[in-house]
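Structures incoming, each one as structure tokens.
Next come two complexes built around chain A: one with chain B, the other with chain C.
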Partner chain A sequence: MDIKKTPKKLNVKEKYRLMTRDLAWEPSYRDEKEIYPYVDYEGIKVHDWSKWEDPFRLTMDAYWKYQAEKERKYYAIIDAHAQNNGHLNVTDARYLTAIKLFLQSISPAEYASHRGFARVGREFAGVGPQVACQMQSIDEIRHAQTQVHAMSNYNKFYNGFKDFANQRDRIWYTSVARSFFDDAMSAGPFEFLIAIGFSFEYVLTNLLFVPFMSGAAYNGDMATCTFGFSAQSDEARHMTLGLECIKFMLEQDPDNIPIVQKWIDKWFWRGCRLLTLVAAMMDYMLPKRVMSWREAWNIYGVENGNALFRDLARYGIKPPMHWDDVEKSIDHTSHQIMLGLYQWKFGTAFHSWTPTASDIEWLKEKYPTTFEKYYLPRWEYAIAQKENGGEYNNFGLPKLCQTCQLPCLFTEPDDPTQLAHRETEYEGEKYHFCSDGCQHVFEQEPEKYVQAWLPMPSLMQEPLKGDLAAWMEWASLEPTASGEYANSEDKANFEKWRKQVSTD
Partner chain B sequence: MQIDVQTVNIEQKNQTFTHLKKRFGDKKIPSRYQEASYDLQAEENLHYRPTWAPEQELYDPNLSKIRMNDWYDLKDPRQFYYSTYTLNRAKQQETMESNFKTVESLNLIEGMPDPVLAVAQDLLIPLRHANYAANMNNTLVCGYGYGTVFTQPCVYHAMDNLGIAQYLSRLGLMIGDVESLEAAKQDWMDSDAWQPLRRSLEDLMCVRDPVEVFIKQNFVLDGLLYPLVYQRIVDQNLVEQGGSGISILTQFMTNWYLESKRWVDSVIKTMASESAENKAVLEEWIDSAANHFTSVLLPVAGLAVAGNQADELVSEAHDELLQRAKKAGLFK
Partner chain C sequence: MSKVFIILQANEETRSIVEAIEQDNPDAEVVHEPAMVKVQAEGHLVVRRETIEEEIGREFDMQELNINLITLSGNVDEDEDALTLTWNS
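Presenting the complex of A and B:
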């Protein structure tokens, strides 16, 4: 070769190819199957890994530079936020329920995503997807960490934050998100990418991130919304990766289409069930609301979803199987979930409350066909109980769905007065489900879902054997962090401090 | 003039999160490293077994022969979490960028003696493929290792290896354009000098014990390769022969090795002091891999120096590695 040749100017694509693609080689001393043992068993056929289009051509020098700039800004802002008692700028302490739920459920999910992407970043047999997944892996640990750091300051002043690590593994409602991510991680590498990269990041992320981060901005939570802004460009990359991975699978072999379709059906439903918690957050937990869950769904679910599935139709992909059931549920789920959380509030590490008069007006306006008819009477009943000095609690333990792990509290898609309940018998045992969607997911892989760890039955087993107080201690459920907002220390402290600040 | 900034003092309820209080007490406010690293991985009530290996748990400490009572003992002395990691690397990258500019603007490559450039081409550019293997190996440790303080630095280490492969690629493009990379790949695939290393890395990519991969890649192979190639051949031999420009462009690798070996050594020391069984396993891995990789690197060193000297340099690197192992409490 000719040393000291004047280098040609390379275009970005070619340069990126040399800097990543060209690093790998075809092994000749060992069989590829030994190096990538998990790449075949799901049945996805890949004929040519080099057909993978790099969704973002980022080399490490640029990555370090951009990310460091964002990190510098982010920590400068949360430091200032902590120093200036920024927590007192939130609308009121009810808002904290939203971010407690976020820290207990979503931050651990970011971490799981980090580990999951590291695994698939090792298991794929092509350097293009390897590097793309590794970059997402390192981004995801960033998100978990920046979230913990943002919440750390809130933890200094309020209840319900300090035990998030223990609660991630032991509380009944955190197992909704936990089981979702455990499900994805225990699947093969291609299904993981469909689950997290495509369904979660591409189809559903706008319904999770935008509401939380806009909620933070609307409610004066500078720390959380700064995190949201800072993560935005990462998320944009992740969405691109999600879309690229599905196109890659579909283009590699027609046999992949039915497999991918099955996964889309499953993960869309799993995702929508997980998002019911976000629905409750949007409609009930934000003192100052951004938009209703219905409005968010119309924009980010229906409009974006329709465009996406129109685009995927050319591959023979159909919209997700239970799309219509989701659509029918949108005007109901937030109310159903919130009524559930409210009646089990002795067992949540966040506070809940009955809607105020103005909340009720807003809910009526946003849900003209459902709220007043089906849900207002129940809230009125709870409010009346309080006014009479009682409390609306349900000390019976909810029956959890074997698949999504939410309590079986949803109604039939076509009859909002009937609780939906499905059962499947498998190897002599009966399993319960909240919906056709969850039953369907179970029946595709019963041997997987029978393993689910259900927090409610564990209360009845060794070593707790039904001792509710012991169970609450085990799950770090302290009375100060639970129950009715109006009687909470968080409320009292927040109001006291707020007053102190404004009089000083 | 003194300005008193008035802020409102309100009493704190919690100094820290409960899991950190259990580990470190609550006399001191925990560091951001501690908040970002401890107990982040799910520990209990894992829902499903992996469909890819149903005999394993989703996070499974038994994937390794190494046993730890608490994997969170394996902390990173650099205290890298995402933020400190990226800020450090961005700073180093700035230096490297100006190094590349300096070398370019002074035409240092063109002014370099041909034999020096030939060594850079034959020895350094093929190494980018070895860095790719190291990237994959560290990604495996991050994915399947146990406990965030152990796994987290491995994703950083993986990305560092990718970064090094890319610095080497840029060097290649500077000295011989795309043909440099093509020739280096040809060497990596076919030339006798590189085959033992390529074979060993393919073997290592088949190992699934995350700690074994960590030890053989990060301690043994890198512990021989970086002192040999960057500290001795580049920074001494090539510099003496007029190759300072090369040394400037591999500055990241030299500094990175010195920085990251503190972490690697500390992990090994903690594992070794945990039990006699751990110590025995580590010694077996290190002993066999050190002998193996020493012989593998001999023909690689031979690309830069004559046979006798290659022997000498490789055995120096081997001794140095064993000194590190002894300092970490092994082979005593």
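Presenting the complex of A and C:
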């Protein structure tokens, strides 16, 4: 007699095939072109969409199960953080500057990423990328929401958190992240995936999340550390999607190679410019530092980036065009950005400060060839002004780069005493750039970048016409959230509350 | 040769996972950083389900790695028995 064996559990490959591939169907009464109108116009040729496979082979059922587990772990810690005055466990309230900057520029970027992946998940003609992009889209909205949730605990006690959603669109330094994501979202679906999935997620996200979250843990901020790691746990999948997508494009047709190379050149540069803000955060804003920007770059930029581009060399892909300029800038950018943020601190929705004696020692040690020579004298000038009862502010408005939207405050790659400045004339108008990299990006697609919204020119236009006070109100730049840390309400409150807790 | 790596959150569960990875990759290097642990190796790294199950003392689904995974580097291939990371150069 035949004894029926219990059916064997499906192996992962079969399950992936059944629950992903087999969800697709051949259209019968509409043609493919009508259904997927955007897959052709960028020039990327795809012959066989089924060649795209998620190496994790994650199916929707497993996805929900593990994401739910991540959420449970996350909310257990968030609740404990709120119940136990977790905000008073951070090293000191200077640390809040780092997470304000994060909430104002990165969390809205998560939301933008969610929208972008929802869109390209619809636009791609293969079910493999459709499912992977849908998962990523849901991941990204989870990131935005958990971050806002974690920070809402800080918003109860400190200034500068409350209007992040509007500020994302209105402040000068947040427009850096905004323009990066707007640029990607207004590109075609393949470029979007190279921009966010490959350049940002694969090449650069480690530089943002890993040291930042480790830094949060090290500075006693369990809430941020937890949302960071919770978000980052999706990142391995995102990075893998980014790498798979680029290999897929390169393997589908040799004509795709030069197009992909152009996008790598562009998005690597744009990503590195965006990360200069992270550099400042790592070197200046964490009261207890995990590693310097230079050290993080060596590990996650140079070592990992080289490994990646050696691997991609078999397709004829070269390292990004402006790699050398980035490498030359690494020992300079964090200092240049932080001096910029400090001198325009009346216009930031976070506090800044001059480095303390121990900060200065650390910076000297981590940047032996640049800090003492080029940047310490400028900090000493600012410190001396404070000691004489003054304050170092620059009430002039920065000239913004038309591409990355950062102030033109960087120096020439080979001469750190010379400010870099590039100019291009297009249809009778002059446009300014912080670097060769940004000028190059503009010149590839001037008709796109002339439309960029820049905060400084808009201040000079109707209806504000240069009224700085009105602009600050519009951008929710309240005096309590800006300026020198030493004089801030945040500092006074933090110290008062911490004392109460420790003497109870 | 390029380095591949996997970074996990540092917690009770991953302690066993990291021990399993060390057993299966004798040349791998383990680096501890605040709240996280990094395992790296030249060119190739394998994470095996059976070894993890032995260390952790229960059944383990490779996709559970997702929960504690922070980041990785290298080309990924995963099935029910193992996760491998490789650089081709």
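Keep in mind that, in the parts below, the second predicted complex is superposed on the first by the 494 of 504 C-alpha atoms of A that agree within 3 Å, B and C clash if a C-alpha of one lies under 4 Å from a C-alpha of the other, contacts with A are read in each partner's own complex, and residues count from 1 in each chain.
Convention: contacts are C-beta pairs under 8 Å (C-beta built on N, C-alpha and C of every residue); 3 or more make two chains touch, one makes a residue touch a chain.
Please read all numbers here as calculations on a predicted model, not as lab measurements.
Three-chain overlay on chain A, with chain B and chain C fitting side by side and no clash. Residue contacts after overlaying the shared chain place A:R314 against chain C, while chain B stays out of touching range. Taking the C-alpha centre of chain A as the vertex, the lines to the centres of chain B and chain C open to an angle of 80 degrees, rounded to the nearest 10. After overlaying the two complexes on the shared chain, residue contacts for A:F248 are found with neither chain B nor chain C.
In the superposed model, A:F350 lies in contact with neither chain B nor chain C. Of the two partner chains placed by the overlay, neither chain B nor chain C lies in contact with A:W269. Of the two partner chains, neither chain B nor chain C is touched by A:Y173.
When both complexes are overlaid on chain A, the residue A:F56 reaches chain C alone and has no touch with chain B.
When chain A is checked against chain B and against chain C, the one touching more of its residues turns out to be B. After superposing the two complexes on their shared chain, the closest approach between C-alpha atoms of chain B and chain C is 15 Å. Residues 69 of chain A lie at the contact with chain B in one complex and at the contact with chain C in the other. On the side of chain A, the complex with chain C involves touching residues 11-13, 55-58, 62, 66, 69-70, 73, 205-206, 209-210, 213-215, 217-218, 225, 229, 232-233, 235-237, 239-240, 243, 290, 303-304, 306-308, 310-311, 313-314. Chain contact summary for the complex, chain C toward chain A: residues 2-4, 7, 9, 33-36, 62-64, 66-80, 87-89.
Taken together, the chain B residues at the contact with chain A in this complex read 6-8, 10, 12-19, 32, 35-36, 39-53, 58-59, 81-83, 86-87, 89-91, 93-94, 96-97, 109-110, 114, 117-118, 121, 128-129, 131-132, 135-136, 139-140, 142-144, 148, 151-152, 155-156, 158-160, 162-163, 165-166, 169, 173-183, 185, 188-189, 198-199, 202-203, 205-206. The touching residues of chain A, counted against chain B in their complex, run 1-8, 10, 18-20, 22-25, 27-30, 34-35, 37-38, 41, 59-61, 63-65, 67-69, 71-72, 74-75, 83-85, 108, 111-112, 114-115, 118-119, 121-122, 127, 130-131, 134-135, 137-138, 141-142, 144-146, 148-149, 152, 155-159, 161-166, 168-170, 175, 178-179, 182-183, 185-189, 448-449, 451-453, 455, 458, 476, 493, 497, 500-501, 504.
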